[in-house]
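Got some structures for you, see below.
Two complexes follow with chain A in common, the first pairing it with chain B and the second with chain C.
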Partner chain A sequence: MLTAVISGFIFALLIPIILGRLKSISTLWVALLPLTLFIYFLSKIPELLAGNPIKPSYQWVPSLGINLDFYLDGLSLLFVLLISGVGTLVFVYTSAYLKGHHYLDRFYAYLSLFMASMLGLVLSDNIYTLFLFWELTSISSFFLIGFNNDKKDSRKSALTALAITGFGGLFLLAAMVGLGQITDAYQISAMAPMADAIKDHSLYGWVLFFLFIAAFTKSAQFPFHFWLPGAMKAPTPVSTYLHSATMVKAGVYLLARFTPVLGSHEWWNGTLIIVGALTMVYAAIHALFRIDLKGILAYSTISALGILVFLIGLGSPDALLAASIFILVHALYKATLFLVTGIIDHETGTRDVTQLGGLNKVMLPVGIAAMLAALSNAGIPPSFGFVGKDLIYEATLGMGNLAWLLTCLAILTNVALLVAGFVAGIKPFLGKLPEKFKNVHLPAPSMYVPPLILASLGILFGLFPGVLEGGLIKPAVSSLTGTTPDFHLQLWHGFNLIFLLSLITIGSGTLLYFFLKPSESLLKKVSTFDRLSPQSLIMGISRGFALAGKGWTGFFQNGYLRYYLITILGFLSLLLAYRLFIGVDLLINTDVMTEVTFYEAVVLLVMAVAILFTVFSKSRLAAVASLGVVGYSFCLIFLFYSAPDLAMTQFSIDTLTVILFVLVLYNLPKYLKLSDTRVRIRDGLLSLIFGALISILALEVMSESLSKETSEYYAENAYILGKGKNVVNVILVDFRGFDTMVEITVLAIAAIGVFGLLKLHLRSTEKE
Partner chain B sequence: MELLLVIIIGLLYAAGIYMMLRRSLVKLIIGLILLGNGANLLIFLLGKIVKGKPPIIGPNEKMLGEIYADPVPQALILTAIVISFGLQAFAIILIKRAYKVVKTDDLDEMYATDEDL
Partner chain C sequence: MKTIIFKSASVYLLPLLLLFSVFILLRGHYLPGGGFVGGLMASIAFVIHSFANGVENTKNIVKFHPGFLMPVGLALALLAGSLPLFTGETFMTGLWMDQPVPVIGTVGTALFFDTGVYLVVIGVTLTIIFTISEGL
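What follows is the complex of A and B.
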């Protein structure tokens, strides 16, 4: 099974190389990979039915609990078959749709990268690899949406999709970490038996919240739905594969997968029902007003995802059965409609439904596929959609008090979806063929055969639902509910309430289809409400963030050195002052201090005066000279307090500095008084406060006792190891000899810099 | 004595920062030098000051006696003095050069790169 998952990744790496070599031949053979996978997973069914759980496990980072634990149960099987099955058809379709495209090799690479990630996602039992594959699907989706990277719209949509799904991915990680904390387990299959303990845990609410955000962003639930219509900028095979049949169902998969672990709690059911219902109604109504075929399909996909979330939220065995069926129903008809849209776009160059019509006359097989899909979408017998719709109504009717409300919402959604399906699947093919499309011709078989296959399956499964029941649906439902389900799928239930509801749906939907003509003016009217949509809100928030960030940066990173200094010092002063204020008693022990002699006091006084003079002097020369006085006073202090080396160094360095200053002084500008008195007082206050804080800090440190270990070591070993009697010198040239060497290097670099600056002649400036 | 030194340190810091907050480049350098001196004195003071006992081993001894000035801060300060000289020398020449090119030492007027001149 590892091979099955990994093969897609390896294939993604190899394919650009292979296709680079084989430019001329058809790329149909690429579809062999998903086809092989499809057959491989089909062959696993008998093993699964025999009751053997298929759980291969490969060690990866066992110390962190990250292992490639795979788990193939009914639910995973349903998804892997969808992924590899639809994948096969999409690969075939692409070979004609993007025939001769410059980046076809890249496209296949991204597509197989996506397929492998998606397989990994639905097969993962380990919570961390689940997250890993989840993020991989977001990333490959980003590349695929932005495939037409020369278009600004594509890039923007790709970024929006990545931002939203990536944002959700982080929440998934949080949810998984939370679950790991609660259960101390890393395998989802090991968590199901602990379901009750998890629900009683205090972290349960958080885990649920994080998991929901992750699922809702990925599956485009309200209010995160708006990335999906944008994602329709991708080439049609991508919309078909990622944004209707597989990737957007990852969120649904996640919810379904965790139903046995986290489900059957009022928070779980309540949230999912509300969000799902809101999404399905909101998106279905939106779908009615679109005129772009892909836009219609995008909104109806969002609505269908809403239905799935809603059904999982209902949580009854009936609802979970309906969800499993509807996943399949929706994948079959929606993928068909997308592929058909791709053909229409490819052949006629437009996706505007108001302009399309009568295409049956020129591309009948495509029209048949589209109309079969529209029937299944509408739930008209004998399609598979009819079976699905029946089950949905059965599920909502079984909900006790709320039954009627929920059923009404479901009917409303289904009516709108039916109209949307008719507009997308029937309207372009019936009626009068516009003059300009007279020369449109049927595309290559590799383009129209895949939608035909999918659409016929949608009818075939409706006629013979028993085909699926044992092998696919029962295992899926049993992995959702944890019990062996007892049901029998059939097309015809006899005349009962549910059949009546179906009739109402079909009838009112068809009526609405004839009365509501999608048009540009209608779309414009509806668009005026866009200001209130979550998309505008979120965009507004992100603009606000950008503005706030700009303001913040502009305020603090203003380019003025002194304001940086003021910010840093002001903050530091506040912090220090606060710390000193809350709990430091100043202890000044005058007994241990050395006495002040007269000549020392004089030196210090001279120094203080020199410092003040340096600051307040109006003449540069005087300031530099008094700076020299400060330096020489330093020498004396060093001399008094047993630091002859320091005194010597300070003396020579200070002399040099003063000489240097004086040498260049006449090339330097005159002192100017640039700031006004208020600024001076502000700066003076800040400086005095900071100086005072440093003094207090120094006193504070002095009252602590000091560890002398290092200096004792040097004192003892200077002569014995370093053969020198001046300990400071021995430290510098022997114990820390390398430091000194680096220091000399620094000086040398500074000297080169000085030399360079003095000798540098810039031609442009010399002309001035 | 320590108390007086502490006051001098505070004064050096205050003066250094005040000068660094000026708009003139020359004052900025002077402020930097004052601040550096203050830091040196702070390190010196915190290593405990001792009168008349330099860390030099006597002619007939093999190690230092009981009370002596701490050699470690002294080594640190020595390094600091020398390095700050490198910095000062470079900065002084840089100012001279900058003044020659842009004809101002007001930091607020130095907002363009030399390509814009």
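What follows is the complex of A and C.
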């Protein structure tokens, strides 16, 4: 299992190297990786059906509870098969779609990186690796959306998608940490038995909130949905793979995975039903007015994700069954429609539905695939979509009081989705072929065979739903509900209420399709409402953040050394004053102080005079020199207290400092009156306050009982361990040698900085 | 400050002070001194020379840019620190020779480390001072 997940990452590393050498050969073979994975996971089905889920575990950071615990049950199986299966077709499709593209190798690398992350995500049992893989999908999708990085739009969309999904990722971490706190477990499978205890815990609400934000951002639920239409800037294989079949379903997967742990609570069900219903209706209506094929598909995908969230929210076994089926139905028809859109775009150069028509005459196989997908999307028998739609109505009808309201919402959504599907899947292929598309021809088989396969599966599964029932759907539902489900999938249920509802949906949808003609002017009217949309609100908030950040930085990072010093000293003074103000008794321990000797008194007097001279001097050089006097006086004090090492070093440093100051100041004009009295008073006050506080602090420290353990250890062991009698030096080069190492590195960096600053400055003036 | 006395003295002061700085470096393990102070003293020696004879002349004595001393010193310190790795001990463990070397005393990795510090300090100080005195 580990190999299966890791192989994609390794492949992603190798592929640019391999493809770099094999430029001329068709890249079809790359699809072998997902194909192998698909077969591998298929081969796991008998083992899974035999009873227990497969749970391999690999140690990683056991001390933190972070292990690669994988868990393959019915739900994971459904997703891994989708990921590797659709992945295979997308890899094949890409080999023709981006044939000869300069960065094809990179594209495949990102794609397999994404596939591996996605597999890891749906197989993770450990909550922290779940988060890790979740973030990896966000990051790899950032690269894929921004693949056309020479276009500004593309980069912007990639950034928006990353910002929204990354934002959600942080919430996922919070939710996972919360769950870990409540259960003291790191494995999701270990949490399910504790479901009741979790729901009674006070943190339950928070965990739900965080988890919902994570799932809603990833699965593009209202109000975070707007990144998905933007992400359509990506090449079509990416839209197919990430934004219809797999990544956006990660949020749905998360909700499904945690249904046995957190579900069946009024907060859980209520929130999911409301958000899901809002998203599905809102996005479905939006989809009606788009004219860009990809835009239509993007909004209808958001709507479908809304349906899934809505179904998980309903939470009844019927609804969960409907959700499992609909995940598959949607992946099959939506991936087909995306691939077809890619072909249309590739061959005709436009995705505008108002211009397309009659393409059946030039690319019949593509048209067949699209129409089969549109049938499945519309839920017309005998497609798999019909089975799915029936189950959705069955689920909503079983909801007691709210049954009719929920059913109406579901019908409304389905009608709109049907129209959107017809516009995307049927309209471009029927009718009159425009003159300019007469020369359009059928693309390579590796482009039109994948959508044909997907679309025919959508019909085959509809005719024979029993094929999937035992191996795929039953295990998935049982891992969602925790019981062995008792149902039988079939296409034909007889003439009943549900069939009537399906007929109403199909009938009204088809009528609407003939009356509502999407057009430019209609789109413009609808977009006027965009000003109030969540997108503009959230964009406004982020702009506000940027402005506030700019103002904040501009205020503190003003580039004037004097203001930096004022900020630092002022802040420190406030902090110290506050600390002294609250509950520190000023205790000055006079016992430890020695008598002031005559020498010390003289040195202190010299220092005081030198400081006064520095402050009031009219010449810069004199001020610097008298600062040097202060420094030398310090050396004397060090000597009095028998610290020759310190004195020596201080002496050299002071000498060099004075020299440096002189070098810098020497060339400046004679002392002018640069600061007025007010500024001088301000600076003087601040200095006095700071100095006084530091003095108080120093006196405070004297009265604290000092721990001498460290210094005694050094003194005792300097010769034994370090073979040196000079303790200071032994500490520098031996005990704390690593610190010294870093310090000299910093010194070198500082010197390079000074050198670079002055020399680069010179060069730019030379240029002028 | 270009007096004859200062100028003539500086010519003799430079080698003397450099020798003194090496002395300070070597005695550091047993008596006050060490690489850091030694490096500062050596730098002061060069600064005195440049005050008397001009930066250009001092640079001509050194022949190469003092900045090169920084990587050399850093590499020496790193090497001294990682030498114990080859004998199977942890990074920065002090290794010592059994017999003392005449004049220098007991030689160990710590001395090489300190020499690295010494070189870096000279390199840093001279680079900064020379750059600033040229730049203005």
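Throughout what follows, the second predicted complex is superposed on the first by the 553 of 768 C-alpha atoms of A that agree within 3 Å, B and C clash if a C-alpha of one lies under 4 Å from a C-alpha of the other, contacts with A are read in each partner's own complex, and residues count from 1 in each chain.
Quick note on the criterion: contacts are C-beta pairs under 8 Å (C-beta built on N, C-alpha and C of every residue); 3 or more make two chains touch, one makes a residue touch a chain.
Because the structure is a prediction, the values reported are computed rather than measured.
**Q** With the two structures laid over each other on chain A, which partner does A:738 touch: chain B (first), chain C (second), both, or neither?
**A** A:738 sits against chain C, while chain B stays out of touch.
**Q** Who wins on chain A residues touched, chain B or chain C?
**A** Touching more residues of chain A than the other partner does is B.
**Q** One more residue to check, A:722. First (chain B), second (chain C), both or neither?
**A** second
**Q** In the superposed arrangement, which partner chain does A:557 touch: chain B (first), chain C (second), both, or neither?
**A** A:557 sits against neither chain B nor chain C.
**Q** With the two structures laid over each other on chain A, which partner does A:655 touch: chain B (first), chain C (second), both, or neither?
**A** A:655: touches chain C, not chain B.
**Q** Contacts for A:644 in the overlay, against chain B (first) and chain C (second): which applies, first, second, both or neither?
**A** both
**Q** In the superposed arrangement, which partner chain does A:627 touch: chain B (first), chain C (second), both, or neither?
**A** first
**Q** Once the structures are superposed on A, label A:684 by its partner contacts, choosing first (chain B), second (chain C), both or neither.
**A** Only chain B; A:684 stays clear of chain C.
**Q** Return first, second, both or neither, reflecting whether A:619 touches chain B, chain C, both chains, or no partner chain.
**A** neither
**Q** One more residue to check, A:664. First (chain B), second (chain C), both or neither?
**A** Both partners, chain B and chain C.
**Q** Can you list the residues of chain A that meet both chain B and chain C?
**A** On chain A, the overlap between the chain B and chain C contacts is residues 644-645, 649, 653, 656, 660, 664, 667, 725-726, 728, 732, 740, 747, 750-751, 754, 758, 762.
**Q** Residue numbers of chain A touching chain C in their complex, please.
**A** Where chain A meets chain C, its residues are 644-645, 648-649, 652-653, 655-656, 659-660, 663-664, 666-667, 721-726, 728-730, 732-734, 737-738, 740-741, 744-745, 747-748, 750-752, 754-755, 758-759, 761-762.
**Q** Spell out the residues on chain C that touch chain A in their complex, using ranges where they run on.
**A** The contact residues of chain C facing chain A are 24, 28-37, 40-41, 43-44, 47, 67, 70-71, 73-74, 77-78, 81, 91-92, 94, 96, 106, 108, 110, 113-114, 116-117, 120-121, 123-125, 127-129, 131-136.
**Q** Sort out for me which residues of chain B touch chain A in the complex.
**A** 1-24, 26-28, 30, 33-34, 37-38, 40-42, 44-59, 61-64, 68-72, 74-75, 77-79, 81-83, 85-90, 92-97, 99-101, 104-108, 111, 114, 117
**Q** In the complex, go through chain A and note every residue touching chain B.
**A** The contact residues of chain A facing chain B are 559-562, 565-566, 569, 588, 590, 593-596, 600-601, 604, 607-608, 611-612, 614-615, 620, 623-624, 627, 630-631, 634, 637-638, 640-646, 649-650, 653, 656-657, 660-661, 664, 667-669, 671-672, 674-675, 683-684, 686-688, 690-692, 694-695, 698-699, 701-702, 706, 708, 710-711, 714-720, 725-728, 731-732, 736, 739-740, 743, 746-747, 750-751, 753-754, 757-758, 760, 762, 764-765.
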